[in-house]
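Next up, some structures in structure tokens.
Consider the two complexes below, in which subunit A is the common component and subunit B and subunit C are the respective partners.
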Partner chain A sequence: MVDLSASLPPRTRARTSAASWWERPALWRGLAIPVALLIAWFVVTRLGLISSHLLVSPEKLVALPFVDEAGRHVWFALGESVVRLVAGFAIGATAGIALGLLLGTSQAANRAIGPSVNGLRQITLFAWIPLLTAWFGNGDSSKIVYIALSAFFPTALNTYEGLRTIPAHYLEVARVLQLSWRQRIVRLLLPGALPSIFIGIQIALITAWIGTVGSEYAMGVGRGIGTFMAGGREQFRMDVVLLGVIILAVVGYVINVICGRVFRRLLHWQGSPS
Partner chain B sequence: MNIRTMAQRQIGAGSSNWQWSWLGALRPGHLVLPLLLPAAVLLAWQLTAAQGWLPVQILPPPSLVFSTLVDLIRDGEIAANLKISLWRISIGFAIGTSAGLLLGALMGISKTLDDYVGPIFKALAQVPSLGWVPVLILIFGLDEALKLIIIAKACFVPTTLATSQGIRNIPRHYLEVARVMMLPRLLFLRKLVIPATLPTVFGGIRLALSHAWISLIVVEMLAATEGVGYMMVWGRTLFQIDIVIAGMIVIGVIGLAMDFGLSWTERRLSRWVPRHG
Partner chain C sequence: MTLQLQQSSQASLAIRGVSKTYRVDDRPLQVLRNIALDIAPGEFVSVVGASGCGKSTLLRLIIGLDTEYDGDILLDGQRIAGPGPERGIVFQEHRLFPWLTVADNIGLGLEARGAGQSEREQAVSENIALVGLAGFEKAYPHQLSGGMAQRAAIARALVNRPEILLLDEPLGALDSLTRAYLQKELLRIWQQEQVTVVMVTHDVEEAVYLSDKVVVMEPRPGRIGAIVPVDIDHPRDRAAPEFIALKERILGALAH
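On to the complex of A and B.
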């Protein structure tokens, strides 16, 4: 599972006046090590201090997706990966939220299905890949099932948790008001569980993205960032592999930033609990 | 169900170890219901296989999976692979968590260090283990170092984050009281720092172990010639799906056992550590 606390964007500070940046030591201190590393990298590759074909120069890495024959494929790869991510995520998250709603609203269903789901969840996701390739081949269907599976568990879990943590007195009020089953779901259960569902969606998107690249890397057929990286590794092209890794990380970061923004806006009505 | 039992359920459900909360709620009568679904699936599975609707290379009957599992256990195949896997995970875990505890403690104590190291640490933590695998394969080949580094890194990140956060979250006035009382260093550590940070740190370590287990499977499936993860890939190339499913069972059971063990230890520790307001 991905640790979200690490990937949440640092809260942007409100810039009161034109506060000069050197008065904020945290900023330049944070930049010190990356800049130093970058300079060292540049110097080492320029002067040829270490002769290894694994050491690619920074300028070559930056130019790779635009000028290099192999590097230019990265754009198609990214496109294909994102399409797979969206398809797999849509299936997995829908199923996950549906199951979470069922488990969270029906005690009987929870008792009958909950333990089985929890048992399956203990199997490391990656361990599904050999079975899936045996069942669905090495093509897109295997990958999409795997991506859906990666999105399924976090959404199911967080939907269920969200429903379970709705304060008991809300349920009592719903009972007293004699809300119908439908009203209870639309007025109470869904809004109450929404923050947790959103967290589930965010985690699911990240796991599904890693699942996308992982399944592409492991299964190999077709295009995608994972296949791009695997190809780079086979040809001993460190620059290609590094580019893949950077894209893997950047897409994860973008997912986190977008989810954070969107969900904060969608939940603005919540405000602070009074 | 009436409101009272519902409310009680809601209140009782507040435990952090939600995974195991249903265990406590099990009564003999409730044991049947959770088993219905697996039993139905097993039955359908056995029926499908017995009728020959799907070839063995796609879906071996559960009886074959079971006998394969027994065989693999009996001839020591699983034990040998597990031994390697568990050796890898213990070394990687030991390196990763101790480094994480150290860096986390330093970052928690020194704001300056946190300013310098924090951002680059968080940026690198963005890269999942899967991303490190091909890079490290190019550098180290399929060496044992590759597996240990991946596992150590998987443990290092959550431990560092939890430790620095745990230390930073110690209430300020506790530190002030300690200073006023002029607590000796050792007593300060034993009576204040450790109890105050333990729950957070332990949460990080628990996360570290589960990350380590996941990374171990990933790296063994992608770049190994032995170990539990490799056993499954090997079964897959032989079209022996019974080995693949047996491997999945082993992986699930071990993961469950590790999490159960840690959650048990956590409860033990939290009983020992007094609650903090």
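On to the complex of A and C.
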């Protein structure tokens, strides 16, 4: 029997045995500033230092989505925005990943299409709004196209980069083993580009979410968080606006957390980054 | 099929007047000049030389990663025009795909030849056993030590039962303990598989310990300085006077 003692495996990752949340100093340090701001906010509104029209108290804000007539609309608005986000993102990310794969695997396509894509990418997303509204009107199609565009570029770019940065060493292995075209894609290019594709998806989700709210705000037909905030501003309801801001942040945070967890699981072969 | 493979699993490699010139900044740079070398079936040949002597380039030509060269590299009389399943290679870095398990990495070459599921599984487990990695089939490369990863890379190179196994400083990145151990393992695998081996190394002792003959290369341009046969029975004793004498002779040839 062969002796393995000379080449023992590295000690299996010392997994920090899921420390409880109160035992994690990093978490506490991260919470310090938000908690301080919250306290300051509470104190300022309680003492009446700023007019309550401009800055509503935190406890009122918490109650807003449940007790206030205008505030309750936030749930419908959130639902509509998320549907829009998902629809626009699905279209944009699919197209983006497809284009990235094409550019990253075909020299000819890269030479033909690459420069155009790079040119279009330079256009600030907001600059598309007047064009889109002129082409597709103020309704949902304009917004969906806008959201799709905001998801398209990050996914296309990161997919392409992921393919381009696959080490030449691995490509040589593929040549030596004479992998077929299909095998190269499935066994080498796709998994090799996956970490970068995931980064693209995460960035795209965030920009698509900002795109969702932005397009709703700028093309004010229908409901949605953006429209909800625009309405609040028009009626001088700063509490409604503030609620919109908080929802915006929470959704962004949730996107990041979910992406982080899901992608880490899917990329388990990378091992611990330490 | 199996029988034929067994019979043909010993190939002769003839390198005839091979030269290779790169273009660097639009100026030609000759890295190999007039290399002539015959390698008999089942022979273990080492190529030693200072870095920049073109020994790795020679290996790239034999494996078929680079097909633009002057002269001929003949495998059983056929000029090499690209990679093929009858040749396997192990690089200095293991180059296992990090997203595939050990078993899947080793099975890649079989997959490429369209081998069926059962044939694949059997060949993979045979080769895993051959390199002593049984039990690590499902492990990912990041879970392996350097030595184990290199064993997996050796299994990947051997899985198609190549006639020629090329080793490009395969143990160069390992610590000395693992290195000495894997040298013994290489010897065992070579004897067991009766495969022709061409190994590039900068470790003269390693070359003398393993090889039937040692090719000493000289740099700028890379050319053969000496071919030293090693007529010592295996297992070789590194402390034996004849071993040391041979090592000194090769080191002397290198110092030219």
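Following the convention adopted for this analysis, the second predicted complex is superposed on the first by the 224 of 274 C-alpha atoms of A that agree within 3 Å, B and C clash if a C-alpha of one lies under 4 Å from a C-alpha of the other, contacts with A are read in each partner's own complex, and residues count from 1 in each chain.
To be clear about the criterion, contacts are C-beta pairs under 8 Å (C-beta built on N, C-alpha and C of every residue); 3 or more make two chains touch, one makes a residue touch a chain.
Model, not experiment: these values are computed from the prediction.
S.K.: According to the stated criteria, A:A108 is in contact with first (subunit B), second (subunit C), both, or neither; which is it?
M.R.: Only subunit B; A:A108 stays clear of subunit C.
S.K.: Of the partners subunit B and subunit C, which touch A:E172 in the superposed model: first, second, both, neither?
M.R.: In the superposition, A:E172 touches subunit B and subunit C alike.
S.K.: As a test of reading the superposition: which chain, subunit B or subunit C, is in touch with more residues of subunit A?
M.R.: Tallying touched residues of subunit A, the top partner is B.
S.K.: Let me test your reading of the model: by the given contact rule, A:W269 touches which partner, first (subunit B), second (subunit C), both or neither?
M.R.: Only subunit C; A:W269 stays clear of subunit B.
S.K.: I'd like to know which partner A:R187 touches here: subunit B for first, subunit C for second, both or neither.
M.R.: second
S.K.: With both complexes superposed on chain A, which partner does A:L47 reach: first (subunit B), second (subunit C), both or neither?
M.R.: neither
S.K.: Take the contacts of subunit A with subunit B and those with subunit C, and give the residues found in both.
M.R.: 2-3, 6-7, 10, 169, 172, 175
S.K.: Taking the touch rule as given, give the residues of subunit A at its contact with subunit C in the complex, in rising order.
M.R.: Its residues touching subunit C are 2-4, 6-10, 12, 169-170, 172-173, 175-180, 183, 187-188, 191-192, 194, 268-271.
S.K.: So in the complex, which bits of subunit B are touching subunit A?
M.R.: Within the complex, subunit B touches subunit A at residues 1, 3, 6-7, 10-11, 13-14, 18-19, 22, 30, 33-34, 36-38, 57-58, 112, 115-120, 122-123, 125-128, 130-135, 137-139, 157-158, 161, 207, 210-211, 213-214, 217-218, 221-222, 229, 232-233, 235-236, 239, 241, 244-245, 247-248, 251-253, 255-256, 259.
S.K.: Looking at the complex, which residues from subunit A come into contact with subunit B?
M.R.: Residues 1-3, 5-7, 10, 25-26, 29-34, 37, 54, 107-108, 111-116, 118-120, 122-131, 133-135, 161, 164-169, 171-172, 175, 210, 213-214, 217-218, 229-230, 232-233, 236, 238, 241-242, 244-245, 248-249, 252-253.
S.K.: For subunit C, which residues are in contact with subunit A within the complex?
M.R.: Subunit C residues touching subunit A: 63-65, 83-85, 88-89, 91, 93, 95, 97-100, 108-109, 111-113, 132, 136, 139-148, 151, 156, 177-178, 181-182, 185.
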